[in-house]
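Chain nomenclature is as follows: A, B, C and D, assigned in order of appearance, with residue numbering initiated at 1 for each chain independently.
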Amino acid sequence: MAENEFNSILGVFPVQLHWGDCDPAGIIFYPTYFRWFDAATWSLFAAVGYTAKRMRAEHLAMPLVCADCEFKAPAEQQDRCEVRSRIVRWGGKSFVVKHEVVREDGTLLAQGSETRVWGRYLNGPGSPLKGQPISEELKALFKAR
Amino acid sequence: MAENEFNSILGVFPVQLHWGDCDPAGIIFYPTYFRWFDAATWSLFAAVGYTAKRMRAEHLAMPLVCADCEFKAPAEQQDRCEVRSRIVRWGGKSFVVKHEVVREDGTLLAQGSETRVWGRYLNGPGSPLKGQPISEELKALFKAR
Amino acid sequence: MAENEFNSILGVFPVQLHWGDCDPAGIIFYPTYFRWFDAATWSLFAAVGYTAKRMRAEHLAMPLVCADCEFKAPAEQQDRCEVRSRIVRWGGKSFVVKHEVVREDGTLLAQGSETRVWGRYLNGPGSPLKGQPISEELKALFKAR
Amino acid sequence: MAENEFNSILGVFPVQLHWGDCDPAGIIFYPTYFRWFDAATWSLFAAVGYTAKRMRAEHLAMPLVCADCEFKAPAEQQDRCEVRSRIVRWGGKSFVVKHEVVREDGTLLAQGSETRVWGRYLNGPGSPLKGQPISEELKALFKAR
């Protein structure tokens, strides 16, 4: 995946690993990384003005097409980490977010990506979604300066 | 709490404890019991005709007022259990569901209750909820015969 | 429950409600409050020196006896809250933590409690637990000054 | 990924989508698929004799190297599905499990894979893991007949 060819802003989403996010091996239960990715993407969009409140008011959503993650080193309970997120590709109606989970000592724990559709509920929240063309205005919001 | 003074039907909701529902102590992470209670209540209502689909179509919901649980013995990974659920109280616009989690060897692992409002979304899913009077027809559906 | 008769320190644990912690009603899925309570208790103990690392090294744990929560007002996606936690009772081998979830506008969203045993794994992590007498030294760590 | 070149047995793991596994869009919150994948893998291993109890007793574990999923169609609350799982590759100390999530009407909702290490805790549960060579005996257990 091309590294930031779009010169995207970097979202930084702080997380901490809790007891209940760990499994009997004493390390992170892996779907937790995907929960963090999802929250980090919402945070990235909020940072450019697309808050949860606005997304809801405008009947917007960003359902997933696919997601993947490589696990490099296990997070342990109370580890503090950052999810560092960038948009690395814009398609006509979809986009790709790349995420890296970095522990506070600088260790890369995991990296992965989400491909999402930019969609609108046809009849309000909970109704079927339809992909929307991604405008230049939307892309410009994520441009690093 | 009065034991089934309303002669309520018994809902039986099978569950199994998975790796990811356990904590580093190797036993169930306790909020999992509440996840099971919630799913068991939905299953109990589905059994009398109030399926998720119908609840959604009729803009009904059952938000929580309070919940509690006593933990008697820990569930371990791959334990098979049943959540046994009954309605033990009907109020004007609310009701109480009592739940027991029983392992397949008959051991009671946990017991608790949920108090819920019988509510309707004023403007479709996601909009504010308003408590609805609980009709005799609704109560009758849960009567054991 | 007696309000802070032990003059306990107050733990403050910041949380934010994420998309995946909400249900189809668009509000917090209630077991999320218990996930927050659990993490807040671990944070409170870490604040007085019982970090996750130390708990693990000394084979200590704090399994639940019971938990309860009252839901006052629903949290919505991206709401920022604090879980405010105090120890409100010390028993011989158990203790009670009271938690309040307060949104940044000051609204009390939920309040509840956890009763926990102070326990030690007899043969290392994952082995059976035995309740330990709670020492005066332990209690003193939580005394507000 | 080669389709069952190893003629692996098929694991079938039944799941149902619950209220709390859905997001405000009223459909499955995507990390739920990965929770299902994890449980389905444990179920597949249990089916050939490697139950959770045995894994624990023999200090075995199967930590993740990577995971991915494509989302084809959204699951809705109370949908009944099967996770169909096969081992599609054996490496020296790792293996790949392919999963398909199929709704009871036959619709493929999601498909993905997990790459895992076959590992042993050096000093009991919770201690560091070391990859173990995968024996012919282990592979033979998964051979369809």
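Before moving on, here are some points about what is shown:
One rule holds in what follows: a contact is a pair of C-beta atoms (placed from the backbone, for glycine too) under 8 Å apart; a residue touches a chain by one contact, two chains touch by 3 or more.
Please read all numbers here as calculations on a predicted model, not as lab measurements.
Think of each touching pair as a link: the shortest run of links from chain B to chain C has 1 of them.
By number of C-beta pairs in contact, A-D leads when A-D and B-D are compared. Ranked by how far their CA centres sit from the centre of chain C, the chains are topped by D.
Each chain gets one centre point, the mean of its Cα atoms, and the points for chain A and chain B are 33 Å apart. Chain centres here are Cα means. That of chain B falls 29 Å from that of chain D. With centres set at the average Cα position, the gap from chain A to chain D is 24 Å. For chain A, the set of residues touching two or more other chains reads 19-20, 24-26, 29, 31, 35, 38, 56, 77, 125-126. Considering their complex, residues 19-20, 22-26, 29, 31, 56, 77, 124-126 of chain B touch chain A.
Note for the complex: chain C touches chain A at residues 18-20, 24, 26, 35, 38-39, 42, 46, 51-53, 56, 76-78, 125-126. Residues 24-27, 29-32, 34-35, 38, 56, 61, 63-71, 74, 121, 125-126, 129 of chain D touch chain A in their complex.
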